[in-house]
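Following this line, the structures themselves.
Next, two complexes with chain A in common: one pairs it with chain B, the other with chain C.
After this line comes the complex of A and B, so read on.
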């Protein structure tokens, strides 16, 4: 069948020779005119800085006098930084914690809200509310929650059950999980909205059929909702992975990378290189390395998830 | 697949945002010429000046704008454009590179040194001489803003040294004499313990630890115990028994006496808030904490006490810090001369002209700002005393409670080489000692020393 179709289509699919007049008359020139500004803006503001960043990474500059070329010295400097392995491990640890504990939360919230017959808008609002709070304000608020003394909000609550007081951000072991707890709170609502929209797109006939067959809520979740959400879950997981590898605001404002570098991340290192040390070469070198790593991660992720996806 | 490509682009693009912050033209004019004759004092010139008070500080702003008018009247060839631009880490370097910084603005002394070392500031010696400002500056203060050749790059005017701030009310509650703050580190430890034992919920002594302040204060403590952090040439670390002693003292107060409370991740703002709220008995601070503790955080003036930095192993000294006026490396010689004249008028006129002195103090007082906070005068002591006499009716700072600080004659020691970078490497050392009972102090110092040495050799290029 397909063979016949191909033979039939061949004559019509042959390209006509390019004709400027016809191209102009059919609006080709106008289309280009429309595209030029956006392409230029994109090139200048998006790719320009990226190229500049790559150039900076092989330079030594104070941004005032002329820069000098140093080859791969900046890369050598950042790769031999004794703090880099810990920063990389911390970043990976955060990504892992986020994936294991933070990632399922918005899916569960979305499913929960979707199951509600009444007042679902209110739960929707409540779930989304943290996303409206600016990160700096949210973090300052949570700093109070995490007060390590017995009078801290979380410690007071734990005290009712005879637990604590916990040191929260003041302990090397607890600092990173505390950051994950905050970012889950801050980010889950916004992600849940996306899942909720995707759930809305699942055919209700599937659920009706399952209900007739006597499937319970967990069974429906496992056999219908999650498989149907597979593609969006994969995309959200990639976005979350990329996001977690760029963790900066939370350790910067909560702990400054402490205690004893327990929350020092790659992005925080880049910031410190650039804005504390004034070493832009090292900062961009590490940025380029992180970008390459994230590109590779995305490619690997793409091929791995492609195998899992239905053909 | 298309979507996937989009994600890939997104990944690269996000990184691009960061690089965008730094991606600016690498070209520039370099430092200014040392030839003073290039600046024509009568040429028509326009300069921008930073740190204009924002509209919410009405009295300050009015006073600032009046000063601009007076300056323009006295210098008809100079047009001054005020700008609310002030120093911010995130945007400073990009603006410096883009040439959009004001011709002059204020910067913390610690960054001034880094800017000088990075050759990001113009050599101001000829212009300051031409403006007649160089001779008026306190030579002690000037030492902080010179390079190895003796050239002056910035103008120091708000200098201070680190001391110890304490809460007089807490001292009284703990049974301590608020008029006898500790002068040695042994006394600090004993007082902190007494506060901890007698005033529940209060940390006897608290330490700055994050955003490079941990290293800053460890350096201060090291100085006070007779040690040093980097060698004189600024090429290597030189930490010894004094740094170990400082860390051991913190370890003992934290783990033996338990007199340091439960919060060990303090940056400057957080510790000032906690201190002002009466949760901390003693903390290492410069007296400028007063300008924030009382007007901003509502501490009672009567509760505030400031003394000199406690010492150990004899009298050794303290660390200096403060505010300086910096100048834009991309400005023309005429602009730099005009900016030097402006700084002289804005920051130094009050020391020589009674009307300016009184007007400034009156505006500060009306804005509820602290007037007369002690510090190191940027001019000779006698001139400073005369100035304080002029504004004495407006002084709202309880100077009696600063006696321990103002009567101190401790030697002033400049910051270590590559200061912020060095402090950053020492932050985790202090944090580890305060959060891990089994911290190995010697090993922590040696690891930090390796990092600092590496940074110093990178900074040297």
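After this line comes the complex of A and C, so read on.
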């Protein structure tokens, strides 16, 4: 009320005095009505929780007694947790393995399917099938496939070639690569479709020009297809990195973080802090740290890849 | 979850949003002309032979990787527990255990969980579409004076990874501020947060921005109110992009595990991903029934995919067009 009065008292200002009737007639009220759902939902489920996340990270709360301010104690607790270095290393190791072994697979599939002149839809379909399988069902299946005994499916198949039996999820060294193998299987087809659309957009004149210049098939793939895909490759790489740093479902269901913490990830730690120990302060403190890390990663990545792009 | 990444992507390729679907179609036609291998190359015997070998190897590889697990789960679903464990790779088997499927459907509650999954997916889609179309319409067409503020606030959340709000979001569901109710063990706990997707709002806003203003002005002169412009003009024109948003939401909610597990603790409300996840951590159900449950969970999306594969793959690749 006082605000409206103040404006009305200053007729010299260039702004027209606020008029409820005119505001209503020009659609101001309708706009507010349209804003209600999005503002309410974002307040409750996005903006509110983000602010609350930062606040909780400097508080001690257990939902029963009132929250008390503890400053940076939660961060101190999280950073001195003896399990943290291992979890951070595991998460980084998983991201690295995924990047080195998992990342090229969909690109290869897409390049191959693009060269087919017949039956390409069938390859497409087969490659995409794993992405249709709900992750939890896929994990239950693969958990059985990873049976470490000689009768396990993968070990039997390896046995045909005289390899194995491998311990898979039961050994510290092989547990993480096994998770990467599963996530590659589950994700490659869906990513390949995106690459396939991008490859289809490459101008055929480029290939023709290269062919006239005497470039072979491999050098055409290496010097035209891959560089033309550069932007999308950078984007998919960042998306994969962000996704892998928030890895949860696979280690949670496959191994529960074991054996001997070999698959303990940052997200599992956050889950354990919050929903096993009920220590919401520590959980949000670690979440804030991970979020800051991912933001920094994205910013650095953005500038580094920008430098590599010619345009 | 991958907030920042999606933001980078959206800003990199705005124009792709405008005609995502038609372009994808055009590309497919163009792609048929040639790839890295020219038709002259294809006549050379070495290329011909190696293409054949690669094709066969890839076919076997993809068949084993893509179809193998599904076929195996089908086989395990109708075998006895003993048979699955002692002879997992046996191709010949007698499907005498049809009763597994019945046990899984009724005893292991897969039937009702699948129903819950459908309820969750439909509700999430409705909530996402409602929030993001009204929001995008407000920011793109109505454009009140304060819309840049709202637009910025929505955009800013894209920059933050989802992990930061997981725990506070859970606490919000347990005790909604101001109204003071708990949404735990109601479907609203899954439906409503799904609507708060900045990515979908931005994608729809970009698409609405591409609708010629003359059309909207003409409709207004003809006496159409804001709601009428939205329902009879903007939404019909944006059908392809709305379809893509709906598809992505359905797929995401079908796959989601952690969030429904946290907020739906009542077994009668849990979607199938959570019910199956419970098996991974020990269950009293016999192994063959577990495998039958896995099979039932896999086969429904696979059948839907087989029926709608064309629309599905086109939708996913145009979503890729938005992303990249």
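We take it that the second predicted complex is superposed on the first by the 259 of 311 C-alpha atoms of A that agree within 3 Å, B and C clash if a C-alpha of one lies under 4 Å from a C-alpha of the other, contacts with A are read in each partner's own complex, and residues count from 1 in each chain.
In this text, a residue touches a chain if its C-beta (ideal position, glycine included) is under 8 Å from a C-beta of that chain, and two chains touch if they have at least 3 such contacts.
None of these values were measured; they are calculated from a predicted model.
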Clash or fit, chain B versus chain C on superposed chain A: clash
Which superposed partner A:256 touches (first chain B, second chain C, both, neither): both
First (chain B), second (chain C), both or neither touched by A:156: second
Which of chain B and chain C A:232 touches, first, second, both or neither: second
Which of chain B and chain C A:212 touches, first, second, both or neither: neither
Partner touching more residues of chain A, whether chain B or chain C: C
Partner chain(s) touched by A:20 [first = chain B, second = chain C, both, neither]: neither
Partner chain in contact with A:53 - chain B first, chain C second, else both or neither: both
Contacts of A:276 with chain B and chain C, given as first, second, both or neither: first
Touching partner for A:284 - first (chain B), second (chain C), both, neither: both
Clash with chain C, by chain B stretch, listed 40-48, 58-66 or 94-102: 94-102
Chain C-contacting residues of chain A that also contact chain B: 45-50, 52-54, 56, 63, 143, 147, 151, 235, 238-239, 242, 246, 256, 267, 270, 274-275, 280, 283-284, 287-288, 290-291, 294-295, 298, 302
Residue ranges of chain A in contact with chain C within the complex: 27-28, 30-32, 34-35, 37-39, 41-42, 44-50, 52-54, 56, 63, 109, 111-112, 114-117, 123-130, 132-145, 147, 151-153, 156-157, 185, 189-190, 193-194, 196-201, 204, 207-208, 211, 217, 220-221, 224-225, 231-232, 235-236, 238-239, 242-243, 246, 248-249, 252-254, 256, 267, 270-271, 274-275, 280, 283-284, 287-288, 290-291, 294-295, 298, 302
Chain B-touching residues of chain A, taken from the complex the two chains share: 45-50, 52-54, 56, 59-67, 77, 80-83, 143, 147-151, 165, 167, 169-172, 235, 238-239, 242, 246, 255-261, 267, 270, 272, 274-280, 282-284, 287-288, 290-291, 294-295, 297-299, 302
Interfacial residue positions of chain B with respect to chain A in the complex: 3-4, 7-8, 10-24, 26-31, 89-90, 92-94, 96-97, 114, 118-120, 201, 209-212, 214, 261-265, 267, 270, 329-330, 418, 420-421, 424, 427-428, 431-432, 434-436, 447, 450-451, 454-455, 458-459, 461
Sites on chain C touched by chain A in the complex: 1-6, 8-9, 12, 24, 27-28, 30-38, 40-42, 47, 51, 54-55, 58-59, 62-63, 65-67, 69-70, 72-73, 85-89, 130-132, 134-135, 137-138, 142, 144, 147, 150, 153-154, 157, 159-172, 174, 176-177, 192-193, 195-196, 198, 201, 225-227, 254-255, 257-258, 262, 272-274, 276-277, 279-281, 290-291, 294, 297-298, 301-302, 305, 309, 313, 316-321, 323-324
